[in-house]
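Labels run A, B, C and D following the written order; every chain starts at residue 1.
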Amino acid sequence: MSEHVNAVQPEPDMIQLLTPEGQRVEHPDYPLDITDDEIAALYRDLVLVRRIDTEAIALQRQGELGLWASLLGQEAAQIGAGRALRPHDMAFPSYREHGVAWCRGVDPLTLLGLFRGTNLGGFSPYEHNFNLYTIVIGAQTLHATGYAMGVVRDGAVGTGDPDRDTAVLAFFGDGASSQGDVNESFVFAAAGNLPVVFFCQNNQWAISEPVERQSRIPLFQRASGFGFPGVRIDGNDVLASLAVTRKALDDARNAQGPRLIEAFTYRMNAHTTSDDPTRYRLGAETETWKLRDPIARVKAYLVRNAQLPVDFFDDVEAESLRLAEHVRIGCRALPNPTPASPFDALFVDMPDEVREQRDEFVEFVASIEEAAEV
Amino acid sequence: MSEKITMAKALNNGLRKSMEDDPKVVIMGEDVGKLGGVFRITDGLQKDFGEDRVIDTPLAESGIIGTAVGLAIRGYRPVCEIQFDGFVFPGFDQIVSQVAKMHTRSAGLVRIPITIRIPFGGGIGAVEHHSESPESYFAHAPGLKVVSCSNPSDAYWMIQQSIRSDDPVIFFEPKRRYWSKGEIEDAPLPLHRARVARAGTDVTVAAYGPMVTTALEAATVAADEGRDVEVLDLRSLSPLDMPTILESVQKTGRLIVVHEAWRSVSVSSEVAARVQEQAFYALEAPVLRVTGYDTQYPPSRLEEEWLPNVDRILDAVDRSLSY
Amino acid sequence: MSEHVNAVQPEPDMIQLLTPEGQRVEHPDYPLDITDDEIAALYRDLVLVRRIDTEAIALQRQGELGLWASLLGQEAAQIGAGRALRPHDMAFPSYREHGVAWCRGVDPLTLLGLFRGTNLGGFSPYEHNFNLYTIVIGAQTLHATGYAMGVVRDGAVGTGDPDRDTAVLAFFGDGASSQGDVNESFVFAAAGNLPVVFFCQNNQWAISEPVERQSRIPLFQRASGFGFPGVRIDGNDVLASLAVTRKALDDARNAQGPRLIEAFTYRMNAHTTSDDPTRYRLGAETETWKLRDPIARVKAYLVRNAQLPVDFFDDVEAESLRLAEHVRIGCRALPNPTPASPFDALFVDMPDEVREQRDEFVEFVASIEEAAEV
Amino acid sequence: MSEKITMAKALNNGLRKSMEDDPKVVIMGEDVGKLGGVFRITDGLQKDFGEDRVIDTPLAESGIIGTAVGLAIRGYRPVCEIQFDGFVFPGFDQIVSQVAKMHTRSAGLVRIPITIRIPFGGGIGAVEHHSESPESYFAHAPGLKVVSCSNPSDAYWMIQQSIRSDDPVIFFEPKRRYWSKGEIEDAPLPLHRARVARAGTDVTVAAYGPMVTTALEAATVAADEGRDVEVLDLRSLSPLDMPTILESVQKTGRLIVVHEAWRSVSVSSEVAARVQEQAFYALEAPVLRVTGYDTQYPPSRLEEEWLPNVDRILDAVDRSLSY
């Protein structure tokens, strides 16, 4: 008999290493050697990215940003995954991975240009091995897969040299799992046995559509249809995210092929600042998820178990205030785009017709500015 | 004449009317159900017509269009919503290779009465992919009809005419005009007819969608300067209503085409190419174009300048009249 | 632990009800009540569609067809599936399903227009509940899925009334399994629990690419990633194809949701008449598959077991010759397209600009014909 | 000057040269490996450069283009083959939203030196989707460069120039000319320069790809009738080489644009729109167009008539001269 069916599993096992109550638990497949100082460092990350997020929402309310896609509730998934990366690994985000950007060393101000409307991204993916945000749902998973093809061609996989072997981490959402591009990524990655880890943040919602609109089985099982391993983690557990992503990246860089991680988490805020979730979901649902807050459990753990400097929590709080100020002030200071910029950045080798349009536009903008000054 | 309503409401009313008139009309897309779409154009329809007729689809545009084709073959009349202009491209293959071709392929035996609604254009301060004007791609493809409304009355009538059309229609909605108000006329023009939005004698400005308002504003300013601008609302981009366009050009001898879309190989290229051929001796100046530049849609802090605006239209009027 | 991986299965079980040697075998999940006369009827189908194919290839060689996509080797998969359909079921073929067309009652001449260049299909899908051929790989699976959405909305599923309940059968190839559209079909079908059966003829090749380029696991397992059952059958066994497709269609029409069938078979001929398979595969491979010929085993069974009229095989042979003649003569008699036809069939409601171009073209063609006559 | 070779061979040689010159050049597509592509353009390359550099991909065009983007970000220079014109559309989103935009999105910090080869056009007796001319779709999109070769020498040089280009290039190969022979010039024109294929004084016929040969044939016939036709090979469709086009029009005063693609909103629309604007006073007749009709590509038994041909070009020459 060769009939295969995955029954609907309402609450499948999730890898969890830290309970919502802050209890450390072990998982046989994912031993995690981690010091309390390291957990404290993760705590700091979590608090700081939440602060960036809070500040960005405030900036949007004040009209300084056109839009913001909040990561509230997804900090653990992102910080765990982000901290699992090695410097020479490459990450391909969607548009909500501010926490991953943070782990890569990207200044939060760098992310704001897109949302403020001063640029379309405007940074180099090479600087921190963190690709530009991608808004067209799913497109980046193919870019990650192609990048992984390049890694293989560079001989940077399975050599055993940890400074050479490279893995690629591709982020996408539960909604994105329905896109052709994401599934084609799985095809290419599996057929090519590529060093790419697909990291799905299942935050239960794609704008107003619950995950059941996309799939009737848990999303991590999608991988089995393509012949590579999939695993579900408690996406609100930073330790699980760290341990499982680290292992998946190691597998990938050791030429074991692709992996899928489904981080089971929740979008606590609206889809973006333009969205009104009261139209489609109940407050009670959000309340339930508050009990699984990704930061509270780490704090509970640290308070109970760790020998931290007395001022630790105060210091983190103080640092977060400084970071908020940096974001607040820096955002307002972001340079406006020059009129020439869309033309200058269109091609490496600018054709005359683009140059003519540029000159016409620059002159036009100057003329209205002059008129305004008069 | 009725009270003034917004274009969003007019579209919503038009969709509702179509669903009432024909049980085979189904609405499908991302977030069109409870949310009523990100622009609320389908607000309340799922509540009133049920989940079978207002379908929240999985997040996949090719899937939306491709399954709409199957529904059409089964006798339905699907109305697909594409959430934003920049997200129509994953469905492009199904549109140009299937929706557009099925009728010919079957020697006319299959009808594909699909309407694809696309909120389009810029000026709303959005991020990348949310301010595009992709209509030229579709106007190139035979087998598709392409229209755009510019005011609530047209919105109300044209969406119903599009849904009733037995041919596939790509329906472009000027998202930045969703909240502008107007009265609903008692009866519509034929769907593929252009409209003289303002009569004038000196120069013709042809626009559609969001740019009709801008063209009318420019005409008002020009009037102060003693220039009598005729404004055409093209309404139908494929087919083009050439008789109406030519009649205007015969009168004014001058034509300016305005749209937000990129200039090269666009709807304005086609209008210019046809008019210079069909009204060669009538033209006293070349057909001029005021369009988006041939760059990516800029970051929103630059969009006001980048988009065609009153100043640029007036400048073109000057240039046209200087020939 | 929730890590899922399907190891590569080199030769997984396939459902088989008739061995290559012509031995009837039973399968617990697929009991097949079938008389010898019915098997004889299937034999007739197999022989006749092979004859159509042979004839079409000859016509291509003679310049009467521009191209032909041969079904040689895939007759059993197609006849089994085609005969499993009920009249009111709907089939969505790709471009090689001449055997399915036959079962639907489509005159083979109807299929030739596309390949002769006299039309682009030119028939009505409603006449035999058999859709037009689709050349863009995978596109038709979405059409089938959407049609199934319509079936559900018509209340024509799960009512228990066999004359009302309707299933949809979508054909695609091993290569097509990589296309986004096919995977999106799985998403839509699973999420909507739609009455559609996906029938993949894995003929081992997508033009020059072996199936391993597309997938590292058996293709029927793809379904498990989307949460519906997949099964592999011996695609050269018409009885397996009939029994398994029939059951899958019944499940679908009884509101059990989608099914995937992988028919493991072989493309015995070139991809199309334009292709040269000697460039990429060994003759030995084809030789091996000759031993699994889909017709020979049915004949062996019948010869050994059935009480058929003495002239049965001769009659089928005679009928096939008549059919060949019908194809041969009919093909040459297919009407050329009129100059007006591309314009007339473009829209239901013809715009003036199309009418003008039509009139210009018709006049132009008339003028060169006149000139040629002079 | 060398011996005459076919365009197919010239392309093959050009690809080989590019791969020898730059180890980062990889070829990817369906059947490009052992088979050498359905047109054998990549014949022998996998044998000589290995499976890592000539990649038989899974059957998915979005996947091909999307992974090429990733390879480009990693520093590679991918050359993608789309098997036939009609199959580029599943990859359309990745082309217009990713390939075309990545450089701007990164403020110029990322380069996407991808070449996408597309055998295009009709006249080979093929079935549906195998004879299309989709170049206009791409010429509309900013961020893409679009070229087409018409003879073996251009094929040889332009493919190498495209691959060396740091900007993405959509490279259209006139499949029905693959087997036509010609010599390879010693040095190339710049990639985006048009070429005077035949000098003349009475009327300019601008064509590209497969239609250049047809235009030259028409010019020969016209010469017998005492009409001196100048033939331009546009070569680059985006950007357009306007100086060369305008120079010719200034001389002849008459322009006919020829392509197989559908007429509406096409490359010829753009040429006409620009020329009537930029050479308004030089034109003695409107810019005329001889193109594919705005229908689906017809069944092959009708393609000879449907496609632009010598008769239709000569007719346009007559019409132009009659103004």
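Please note the rule applied: a contact is a pair of C-beta atoms (placed from the backbone, for glycine too) under 8 Å apart; a residue touches a chain by one contact, two chains touch by 3 or more.
None of the values given here were measured: they were computed from a predicted structure.
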Could you quickly compare C-D and A-D and let me know which has more C-beta contacts?
A-D
Which chain has its C-alpha centre farthest away from the C-alpha centre of chain C?
A
Which whole number of Å gives the spacing of the CA centres of chain B and chain D?
30
Whole-Å gap between the CA centroids of chain C and chain D:
36
Taking each chain's centre as the mean of its CA atoms, how far is chain A from chain C in angstrom?
43
From the C-alpha centre of chain A to that of chain D, how far is it in Å?
40
Where chain C touches two or more other chains at once, the residues are 119-121, 136, 178-181, 184, 187, 191, 213-214, 341-342, 346, 353-354
By the touch rule stated above, which residues of chain B touch at least two different other chains?
57-58, 60, 62-63, 86, 89-90, 93, 97, 101, 104-105, 128-129, 142-143, 294-296
Residue ranges of chain D touching chain A (in the complex, touch as defined)
26, 52-53, 55, 57-58, 60, 62-63, 65-76, 78, 90, 93-94, 97-98, 101-111, 142-143, 145, 165-167, 192, 239-240, 242
Once bound in the complex, which stretches of chain C touch chain D?
66-67, 113-121, 135-137, 175-176, 178-181, 206-209, 213-214, 274-275, 279-280, 336-337, 339, 341-343, 346, 353-354, 357, 361, 364-365, 368
Using the touch definition up top, name the residues of chain D that touch chain B in the complex.
62, 86, 89-90, 92-93, 96-97, 100-101, 104-105, 128-129, 136-137, 139-143, 238, 262, 264-270, 272-273, 276-278, 280, 285-289, 294-296, 323
Over in the complex, which chain C residues touch chain A? Could you list them?
1-6, 8, 12-15, 28-29, 177-181, 183-184, 187, 190-191, 193, 212-217, 220-232
Touching residues of chain C toward chain B in the complex: what are they?
90, 92, 119-126, 131-132, 134, 136, 139, 141-154, 180-181, 184-185, 187-188, 191, 341-342, 344-349, 351-354
